[in-house]
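The letters A, B, C and D name the chains in turn, as written, and every chain counts its residues from 1.
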């Protein structure tokens, strides 16, 4: 299945502003992040602690709703879902 | 001697915005207020309590500096002095 | 710039004048004649002492809140409902200072500048707004 | 009105639009690119979610502080030193509400709207401003 990935601020520089990722059916948000880490140079270091935990400053939305990285990384994605990844907000 | 009297807001309606009052030499601020009370209808009631004390809401300036009605009514005026009389400030 | 006058206030020009490259925040306050069932308002000033007091307040705000610039304009004369009475504009490096400076000038002006307002009611009369400033 | 766009913000028109006969106070905040030894700033938005969040914040401010009207405009793209980034304008019957509403929208926007700023430095590079909002 195809999942759209949007990335902003520093993550836009690493991942590109928008890309599509091909994943197996039943893949989770965590699977998508791992796939990005394996195909995009620098993303693993930017997004994950050396221990493999997602860094504090990585914020996520699925279909434009915020998800909690503590709880929702196991969420199963479906064809057409959109993941957005960005650092803490800094507008104004 | 001649003293200029400026009056604002409700006191402007009673005394007129600007007038000159002729007083004896060595007259005080209190003498000037008494003179106004005797020559201008309505001023005594507006400015003084029935007991003869100056009302709380009467504010005074001599030569554009505020004076304290509790302390400075005995201040002696000289030719060319200007008294301003007005109610509490209400700009903005 | 401090001014008292009968002309319409140009808030936009005041804002343009306080903008600075070293300021990241501009806060403005505009006071207008509110429709409380009145026809309008008459504003009176003891002009020179009011200008001096407004300038003193402006200087206090500049140093207390590290403002980069501040302007105050107060109108006098007969004003219709909806018209501007007063504009205050402050710029500062950061938002906290700009908000605090604007608020400070507004409250001090109300308390200390010799200005008065009369509400004009429909019966061709009116009454002076009861002041709180001394 | 809530807007996010590349065009120069017209604060003056925003102020004119929130004026109402029943409002006695208009407070505005203008955020500009401050000269911190930078060449300029690049502002990025996740546009639709940012617009929804800004509208939600506007509605909260309207009801919490009894505002008569409120508008917010945030720019995106490359901005030079001194240019406007953000404008917030609130009108209310009284000054307290107008100040509080404007401040509320500003703080909530910084904390909740998906927007980011990159400081452009002289070496053709730049760095993203560390965000505090989540």
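In this section, a residue touches a chain if its C-beta (ideal position, glycine included) is under 8 Å from a C-beta of that chain, and two chains touch if they have at least 3 such contacts.
Just so we're clear, the structure is a prediction, and the values are computed from it rather than from any experiment.
Using the contact definition given at the top, which chains are in touch with both chain B and chain D?
A chain counts here if it touches both chain B and chain D, which gives C.
Once you find the CA centre of chain B and the CA centre of chain C, what distance in Å lies between them?
Taking the mean C-alpha position of each chain, the two centres sit 28 Å apart.
How big is the gap, in whole Å, between where the Cα atoms of chain C centre and where those of chain D centre?
Between these chains, centre-to-centre, one finds 23 Å.
Mind checking the centre-to-centre distance between chain A and chain C? Centres are C-alpha means, answer in whole Å.
51
Take the average of all CA coordinates in chain A, do the same for chain B, and state the distance between these two points in whole angstrom.
Centre-to-centre distance between chain A and chain B: 77 Å.
Can you list the residues of chain B that touch 2 or more other chains?
none
When you check chain C against every other chain, which residues touch at least two of them?
Expected reply: 31, 106.
What are all the chain pairs that meet the touch criterion?
Here the touching chain pairs work out to A-D, B-C, C-D.
Write out the stretch or stretches of chain C touching chain D in their complex.
So the residues of chain C touching chain D come out as 11-12, 15, 19-35, 81-82, 93, 95, 98-99, 102-103, 106.
Could you please specify the touching residues of chain C with respect to chain B in the complex?
The touching residues are 31, 43-46, 48-50, 74, 85-86, 106, 109-118, 128-134.
Note which residues of chain B are touching chain C in the complex, please.
6, 8-10, 12, 57, 59, 61, 64, 84, 86-92
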